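In the two assemblies presented below, chain A is common to both, partnered first by chain B and then by chain C.
Let's look at the complex of A and B:
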């Protein structure tokens, strides 16, 4: 069962949240950002090439033009492979753990798995980020020595930065699965 | 420690007022009167007039950079999103739990973030 809803990110771009329930204790939540727009790509390319042509008109050195083409190509490849994240997904499996995947525009996927024994809770935290206060979802990891302590905070959905309404949906879905930990018999 | 006017404060204020006027007139004399006139008066060991322009410029540039520096220091000391300082701190970890008394207002304490989230975002059934 899959459903998709539209939301806004913290900076105002439209994002889509897709929820899939694989079984009673397994849920997948994916947040998709907008694809790379043709108009922003052509605007950036034209700006760089106009600046390079201006430099060429000033300096009469034709290497400037070839350098500009080279920079544009390499910059686009680096942007697609390392910066532009298309989809971030969260897979919560009740007794096993939580898997966080980021898919880049070039097709690269980077995955992190956190096993359920280390997960203390999934909460919505608010913090100061670059002159704004934003809500963000994060996984709190358990401190092995102190049962009440928190050893690490893993922030989720860092590049799509959904707003509070989307985060509440994700939070409720995660809590439904995490609550089953308490009612189910503990087995180590 | 009250801010009320006292005789000593009036004297300090007046001394500062006279001192600052004296300093300003001295600075104007140093900056504007030609060196030959000062030499003929016998005042030969004063700093170069270059500094009469350079020091104010240094001061203003320092003030301008100070704005940017303060902004940058603030941004650097803000805890990043993945640090535990956004969730708790030393005082909250070491707080003592007071015993719950019937019909009394509960004692002030730092509520853990999981409890706060459950209260805000999970609707009561």
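Let's look at the complex of A and C:
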């Protein structure tokens, strides 16, 4: 069963949170940011080409134009493949682990899977980012030597940066599944 | 508790039978390795499993039953399958059944001695058996050694499948009492090329070892250890590179089989790196010798050396005049300038003496490019060092003079203030000097102080030239280092067979149906290219800056000689 709700990100752009429950111990939470707008793409391309024409008019060298086209193409490919994140999702499978996926605009997906034995907890933390204080969700990893210690903090939803109301929804969903592992009998 | 069943996707269309695999009780998961079909004799199955267990050291056992009915469910078959649970007693007994072509299977568990008879949730995870068997899991680089016993759950699964290789050696064409289905049951894979290579590698290795022992015997002979020659060998970077490559060849040609993954990858990387190096070297050689380019190169070498010498002479004339408007001390200026000019004159004469032989020397030296591109680059770096030897000499003269001056000045400055350096206590103490000592000291101090700008200017100019040459040589060595240490085999493996180098796994949720167990697909998450290079980098005799920026500046200011690139074998002073 799937449901979708609209929220705002920390910088004010609209984002959508989609929750899917696959089974009693498996949930998928996906935050989708806005797609690449044709407006901004055309604006950027026109700016670059106007600058190239200006340079061409000054220097009379046609290499400037070919270089501008080349730069636009390469820059677009790099932006779509390495920078623009369309969707960030969290798949929580009780007793297996937590999987964090980022899907880029070109279709590339980069995934990390964290086993349940390494996860200590999922919490909402505050951070100072530029001139703002924002909330972010993170996974705390267990330190193998020290049962009370934390070895690493993995922040989630870094590019879409949802606000606190969205984060609370995600937090509640995660905690429902994480609690199941505490009520289940502990295995050695 | 949740029960996880890892099912190989190759067995999805297998006929009915019993499931064999490994039960990992700490994680409440069952890794299914194969399906044994009817008809079978339970005693023979138990015998076979006992043998497999002995050979692979993996506790393989019968885990449950699998029924693939093309028509509707047959009641008698299901009872028969339950009875099997009593013959091969395993706790818990897993029953998976598939109807027709449906994707959604029903899975149930029989627990005879269950303490809490609650409904357990079952997760069905499909995995590609061949890929999981061949892949090598790379743990994150910051795991400590004691995590070995607290090994991650995934590595247990990868381990189980990898070690059960002998189970996958029987295919369906073998005549035997047991009929299995696994990823190789349609026919065992083998490659003729690999088998041929394995056969030829042993005599090739022996031949190579013999040749290498001859070469290293010659290298270690006493003749080459006399003082001038050994000094020369240690200074030339070509000899170091050749020694490095010799070491690599010794690693490849050793008879011992590689113990683990790391050693195997290292051998393969060295082999591919050597191959590509020699191929590029031969390419370069063929390009150089075509159209007699080597001859042209030799012809332009002398004019270039002459040109450099002329530029240096112009520079010295400029310094002897009024460089940048500064006023130099006339006498000292003339002395230093004439000294350096005579030095350049000597150098040019020597070069002109050598000029008829240059072409022949270059021709034969160019032949050694067939040993590899790295050797050719090292030879280039050595030629640059030899051609700019006079710049090095000037730098040493200027630095020594400047250094002497600075030390003299600092010592006389202390005398000027009435202090002295106490060598015993390593500190500055006050001291009472006689009048004549003070008089001479102050006089010398004044002379040195006013001659400082001239010496400092010469030192500055020659230091800058020397730094330029050092930077050029450093860039060439960086390139050589790159070619030496890049793990090409691992990168090509990551490109073509990315499942072999795994950083982890990723799960994909497949279509679900209510009432049926959760279906997931486990895929291999390959290691990133940066991770591959970091894990499998070949060690080199790397040259990296010896000093930090601060100490380098301090040395420059005091006039100490700098050798910016440190070699691994050098002792620290």
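Quick note on the criterion: the second predicted complex is superposed on the first by the 187 of 188 C-alpha atoms of A that agree within 3 Å, B and C clash if a C-alpha of one lies under 4 Å from a C-alpha of the other, contacts with A are read in each partner's own complex, and residues count from 1 in each chain.
To be clear about the criterion, contacts are C-beta pairs under 8 Å (C-beta built on N, C-alpha and C of every residue); 3 or more make two chains touch, one makes a residue touch a chain.
For clarity, every value in this text was computed on a predicted model and none was experimentally measured.
Of the two partner chains placed around the shared chain by superposition, chain B is the only one that A:127 touches, whereas chain C remains out of contact.
When both complexes are overlaid on chain A, the residue A:6 reaches neither chain B nor chain C. Contacts of A:182 after superposition: neither chain B nor chain C is touched. In the superposition on chain A, contact of A:93 is made with chain C only, not with chain B. When the two structures are aligned on the shared chain, A:35 is found in touch with neither chain B nor chain C. On the side of chain B, the complex with chain A involves touching residues 75, 78-79, 81-84, 86-88, 93, 112-114, 117-118, 121-122.
Note for the complex: chain A touches chain B at residues 120-121, 123-125, 127-130, 136, 138, 140, 148-155, 158, 168, 171-172, 175. Those residues of chain C that touch chain A in the shared complex are 1-2, 4, 25-28, 121, 123, 125, 144, 146-147, 150, 152-154, 504-507, 509, 512, 517-518, 520, 525. Only residues 22-26, 28, 91, 93-96, 99, 101, 111-113, 115, 117-118, 144-145, 184-185, 187-188 of chain A touch chain C when the two sit together in their complex.
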